[in-house]
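You will see chain A twice below: alongside chain B first, and alongside chain C after that.
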Partner chain A sequence: MKYKSKKQKWTGIFFVLPEFLGVSIFTLIPFVDVMHRAFLRLDGSFCGFDNFQQIFRNKAFLLAAGNTLRFSVVCLPLLLLVSLLAAVSLQTMGKMGGLLKSSYLLPMAIPTAAVVLIWKLFFDSHGLMNRLISLFEADPIDFMNTSWAFWVLVFSYLWKNLGYTVLLWSAGLSGISESIYEAGKMDGANTIQRFRYLTLPNLRQSAFTIVVISIINSFKVFREAYLVGGNYPQESIYQLQHLFNNWFRELSMDKMSAASVVLFLVLTVLVIGLQRSWERESI
Partner chain B sequence: MRKKLKKFLAVLVTASLCTGLAGCGGNAVSQPEGGQPEDKPKDEAKTEDAKGRFLESQVNLPSELAEIMSMGKLEDGSIMIAGFDPTGNYCKAVSSDMGENWQVDMLPDFSEAVSEMEILKDGTILAVVGYADNSELKVISKDGQVKSTSFRLPKGAGEQGGSVTTYEDTDDITIETEGEKDNTVNEQENVPEETDTLNEQQGTSEAENKDASEQEKIDIDNMIVQADIDGEGNLIIQDLYAKLCRIDTQTGELTELYNGEEDGLDFFGIAGERIYACTENGMKILSAKDGSQMPEDAVLNEVCQTAKGDLSGAMGAYPVVMAEGMEENSLVYGNHQGVFYHKENGSVSEQVINGELTSLGDTSMGLKQLLMWDEITYMLLACDSVGNSKLFKYVYDENASAVPEEQINIYTLKDSTILRKAVANFQSTHPDVYVKIEIGISENSGVTAEDAIKSLNTNILAGKGPDILILDGMPVNSYLEKGILADMSGILKQVEDSDGIFENIKQVYEKDGKVYALPSRFLLSVIEGSDDTVAAGESLTKLAEYAATIKQEGKALFYSRRLILETFYQADSGTWMQEDGRLDEGKIKTFLQAVKALYDLDGDVPDKMEQITVSLSLNPTDTEGFGSAGIAVIGRMMKQNEIAIGTLGDLYNLRDLLSIEAEIGGSYQMMGETFLPYMSAGIVKESEKKTSVQEFMLAFYGKELAKSVSGGYPINRSAYEELWKKEIDEPTDSSLAMSNEEGVIISYDMIPLTEEHKDKFTKEIESLKLAGIEDTTISDLVIEEGEKYLKDSQSLDEAVQNILQKVNLYLSE
Partner chain C sequence: MKKMVNLMKNILLWTVCLIMITPVLCLFSGAFMDQLELTELLGPVLNHTEGLAAWHFLPQFPTLQNLVELLLDSLEFYQTFWNSLKITLFTLVGQLIFAMPAAWGLAVYEFPGRKQLYFLYVILMMLPFQVTMLSEYLALDRLQLLDSHWAIIMPGVFSTFSVFLMYRFFWGVPKEVIEAARIDGAGEFIIFFHIGIPLGKAGIISAMVLQFLESFHQMERPLVFLKNKELWPLSMYLPEIDISQAGFAFCASLFALLPAVLVFLFGQEYLEQGIACTVQKE
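Showing the complex of A and B:
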């Protein structure tokens, strides 16, 4: 048996090795290098925590980090709630729900540049939204150059990622056995009670995956913001990626490395924290 | 069995991935333009073992010859060159020792100018005397006997026949159709009246009225654009209407070989019995005997397409020069990429001489003629940017390393003629050093400046960065902060001691006695117009107020509304930065208000002017230092605009401006105390100890380069003084004529520059204290928001706030 398991182990290792090598070369090793650079000046001399001090005193970093956090805090709950409701509704629709589910995925298939064009058509100071607003004899709003830009970004993020999240929820929902709901009905639970006491607990594992993926996707919204606003967009949509992009151009690798490490730590703490709290609840 | 299969699959997948990864990197395959694809090692400096290459040397030319029109190899192996001396007399020179010694002989005096000259193997010279219809072909034998043969070029294309008018003492040639002759200077009695009227309108009392009847005009139906000789000694010519004809030198009989009415004809070359005609649709290969077309050659088509972007042919030379190869049906051709040997219909060309290692890489040099002397020797006749003839000899040295062992890497965002010239000059004096230019944004590449800078930064971080940076368009302040650049004060001190530098400009870049970056050239922003206009130009606000008082309906104030923002930004931005490193809000507000007021004043002017300038940029890097003030002032003379604002880029610009002022009155002054830096360079810290890098920078800021290129004024004092001296001591007589929209011909003489002009101008330069903001991030942000404000897409306050928000965000990073 031992011999069999050792062989199995080596077979598994061989299968995993190519992927592991790829991840190591393109992700792990560069990340170790970044962590190393976070403690060095550009000329290679050791500077301790100077770079970290610099970034926490840097107004641009604080603004970008604040905006990124604000974006995540606003978007994630919205996305989770709306997509969950949509998934639950679709599930009750039967075959029609299956068709509608596919249509939710369409926004993901649209290239970012096309999305930006649509964005401009709608939200430009002479765009369709302002035309609509003018019908009500209200003053036009410069969506892209005021704090409204943040909400446009939120809308864009929700619109693009809703379908994917709905899909993930649907997968989780379909994994819940019908017998549980039947038992619940027999015990006299109404729709809301069944949703709260049966559906939600069984979706915990899916929720964890969805939250992590949504956090990752929230960083991708930078593409739209960059194409619309360039390197220096309206303040409210100036995010960490803008800052990293600009630092790279300005050769501020020391600050960039320190900020990357900080971001990594924050995300790690968040993910681990979420995982632990979910595990505790399930116990 | 299944387990064994699983194991086997696992090992196979792993092995495939490892093999695939190992195959990454390694040699890059590159294709030099006009040549064959060849495997090139990435670091060419490491090919130390490869030996043998052509070494360039410049042949000393006889001082009697001011300009060389043709060269030829004689049957006895000697070289003959023919041209004219400084007084305009034609002469020839022969050398039997490849240019060490020359025997100069005068040619017969011709009554008219020689337009083309070719040399046959037996020493006979064919000279086309005069232009077109009354041209003569003079056949001058080696012993001086002259035989004349008349010939007549074919009638020009088009139903109206067309006509060409040229004047003595002017290079300006206009083509007009017969129907318009009534409105042109061909009607001599009209010109003085028009000139008088124009002068009266412009109120000048000092203008000299040039009577066109004093100038001799020659009506020409057609003319020869290019000439060469075929293998049998016949003259092959290209005329103005894209036709190729052979002229029998004995009878003068003209035979049309090719009609370029459909495909056009840019230029042609001859190798033996083949004519290679570069047309719009590629290279046409024709028989020199009867003009019959041969099958196309893909390689030569590519050469022809590449040649279309080369403007050095505009100087009377050609983008590609061709000659017969040693083998049958082979040719050699030379362009700025080098000299190539090609067998007809072959799929490849062999690069014989690398342009990057020789003066061929100098894109400001015009190529006139190439000869394959023998298997190990090539001769190239060329001219520099000011028309001085140069003769280069390339001899194969089997002991010289194929690529010089030492290498300098220079990085520039955009290609530059000045940089190419600097490299060519340096390499000619340092054949053991290979200077490689890396261009961040090449034409049609689609790469943005940001992408290019990011790639550069990656290379710098990886330790594979260049030795020298041309800093135009780059984040100089970031590089300074990060300590990327080395202190150049030692090198600049040497230049200062030998030639002198404009101290006021250097001081702008000096920090604690160190200089990390310095422009080698600069431009000036000027305002030109009436005395009141110039007085108002003291500040933008005053100018806006004054402009409102002189604005007339339907008449433009400026030659381009679109470029107002950029022009005023260049002139005004030097004063915007406060001590704390942030932008001054008040100054930005004033700037935008003034520009908007001026922009709005011109709102009712037709868009024709805007369309003309829509693709123009005023950034010195984009224009290669070309000054825009000349266009603006000409516009004022043509009454297209009232106020001329732009940049002065060289002494010719200044002379143009002063000449027009002499004609129509007015004056100019500098706008603000700001200069526009151009061709700034810096040494990357890791390379500061390299001797070759230091020597290159010495040459880059040195006198020789500074005085031999155009585009901006040199920071090198000696070069600046010498340029002035040349203009003052050797003024060229010329005049310019042009017609405005009403068809009125307006002309002016170029006045000679004087010591007074020089003193005034130099004082003005010495008073400059600020550099225009070089940071393109800031300029892009200001101009982007400024354009929205000009188009009323946002209010003044919004524009100012957006600019401040974005720029301050940028500065806080």
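Showing the complex of A and C:
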């Protein structure tokens, strides 16, 4: 038996190796290079933690980091909650639910440029939203050039990602067997209690995947923000992605390297946290 | 009381549906409007004339003018559309060759460093592109791939996200099935091709659907790695269309939407099977 498991060990490595080599060439090895550069000046001389001190004093970095954080803190809970409620409601709707679910997926297929074009029509200071608002005789709002831009971006994220997240929750829900609900009913649990004590605990496994995917997608709102406002959009939607792009154009490799390392560390801590709280059995 | 709750629920769900499809309806109607109607409706937005913009969901004077212009006169549209398809196709095939076996290897076999590797992949896929932009640039520069389609394709192939997605499905393949095949004398590759791929089909296809959308709509990489406009994908060409040509822009967007919708129609059944593995049912 021992021989067999040894052989299987090598088969496993064999399956993984080609991909791992590619990842090493295109991401891992160069990233180690970037980590090294984080401690160098632009001329290549060693400067310790100077670059890190510099970015934490940099106003643009603080603004962008703050905005990115704020965006995630607002968007993620909102998306997770709304999509979970929608998934639970759609679950009992049969065919109609399926149709609604499909319609929720449609935004994923729309190219960002088209989304932005439509948003311009709706959220311009003379746009369709303001026509709607004027029906209630309220003052028009300049959505794109004030801090409302942040909320337009939040809306855009929800609009785009709701369908897929509903799908993921639905998959998780369908994995919960009917019999535990039956048992719950027998014990006299009402709908809310059943949701709290039966549904939620059984969704833990799915939750890890869903949170991870939602975070990944939250970084992609850069596309909308970039097409609306270019390299320097309205201040409330100036995110880390913009800053990195601008540093890249200005060839500020020192700041970029240091900030990359910081973000890498932050996400590592985040993933460890997520895994600790959700993934105990899955690995 | 229960009826009221149900009614409210339905109204809410249908309202969300309406919000979801309104932009597509706008694209549809706008694509068949003539310049005159569009200028009249959108003048306040386009030319900052007085008043507020308006919209007709049915064009008053439907026209195929935009469509003709797009299909007959726009070389750039064809070029970029083709570029997008090419990049996407190569990326997906590459992922099937590299990411699919890797996901299988991680999900089914025990080997030293497996957990650490999986953990590393999760972090890598979560990093926004901009964080790895510099390192990717350095690598592509050294391999002299910059300003070519390979600069978009190669990093796309080795993005670890699809490993993560497929891993989740392969994980659900019952270990007893694999063990039984081994006892019957099947080799490890036979098991991968005859058990792993068929049982993980839903996961593979749903990962491919997601990656298609991602690859077809990507902007981050082309923005920094492609200088030559002839190499640009559709997602970079569409924003270049001036808003004063709104009808043409609507029409182009509508066509850009088609491949994604087709992929959805084809893949939705599998997408719906989602992360709760198909094979877990006893």
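The working rule: the second predicted complex is superposed on the first by the 277 of 283 C-alpha atoms of A that agree within 3 Å, B and C clash if a C-alpha of one lies under 4 Å from a C-alpha of the other, contacts with A are read in each partner's own complex, and residues count from 1 in each chain.
As a convention for this text, contacts are C-beta pairs under 8 Å (C-beta built on N, C-alpha and C of every residue); 3 or more make two chains touch, one makes a residue touch a chain.
All values derive from a computational prediction rather than experimental measurement.
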Partner with the higher number of touched chain A residues, chain C or chain B: C
Touching partner for A:231 - first (chain B), second (chain C), both, neither: first
First (chain B), second (chain C), both or neither touched by A:18: both
Which of chain B and chain C A:138 touches, first, second, both or neither: neither
Touched partner set for A:81, first chain B, second chain C, both or neither: neither
Chain B versus chain C as contact partner of A:175, first or second or both or neither: second
Which of chain B and chain C A:265 touches, first, second, both or neither: neither
Contacts of A:251 with chain B and chain C, given as first, second, both or neither: first
Residues of chain A at both interfaces, chain B in one complex, chain C in the other: 10-11, 14-15, 18, 22, 25, 248, 253
Chain C residues touching chain A - in the complex, by the definition given at the top: 9, 12-14, 16-17, 19-21, 23-24, 26-27, 42, 44-45, 48, 51-55, 97-99, 101-102, 104-106, 108-112, 114-115, 117-119, 121-140, 143, 154-155, 157-158, 160-161, 163-164, 168, 171, 188, 192, 213, 217, 219-220, 223-224, 234-235, 238-239, 241, 243, 246, 249-250, 253, 256-257, 260-261, 264, 268, 271-276, 280
Chain A-touching residues of chain B, taken from the complex the two chains share: 3, 6-7, 10-11, 13-14, 16-18, 21, 450, 453-454, 457, 460-461, 475, 478-479, 482-484, 777, 781, 784, 793-794, 798, 802, 805-807, 809-810, 812-813
Interface residues, chain A side, partner chain B - complex: 7, 10-11, 14-15, 17-18, 21-22, 25, 42-43, 58-60, 63, 125, 142, 145, 230-232, 235, 238, 243, 246-253
Complex contacts: residues of chain A adjacent to chain C: 5, 8-16, 18-20, 22-23, 25-31, 33-34, 86, 89-90, 93, 100-118, 120-121, 124, 126-128, 130-131, 134, 140, 159, 162-163, 167-168, 170-172, 174-175, 206, 209, 212, 215-216, 219, 222-223, 226-227, 240-241, 244-245, 248, 253, 256-257, 259-260, 263-264, 267-268, 270-271, 275, 282-283
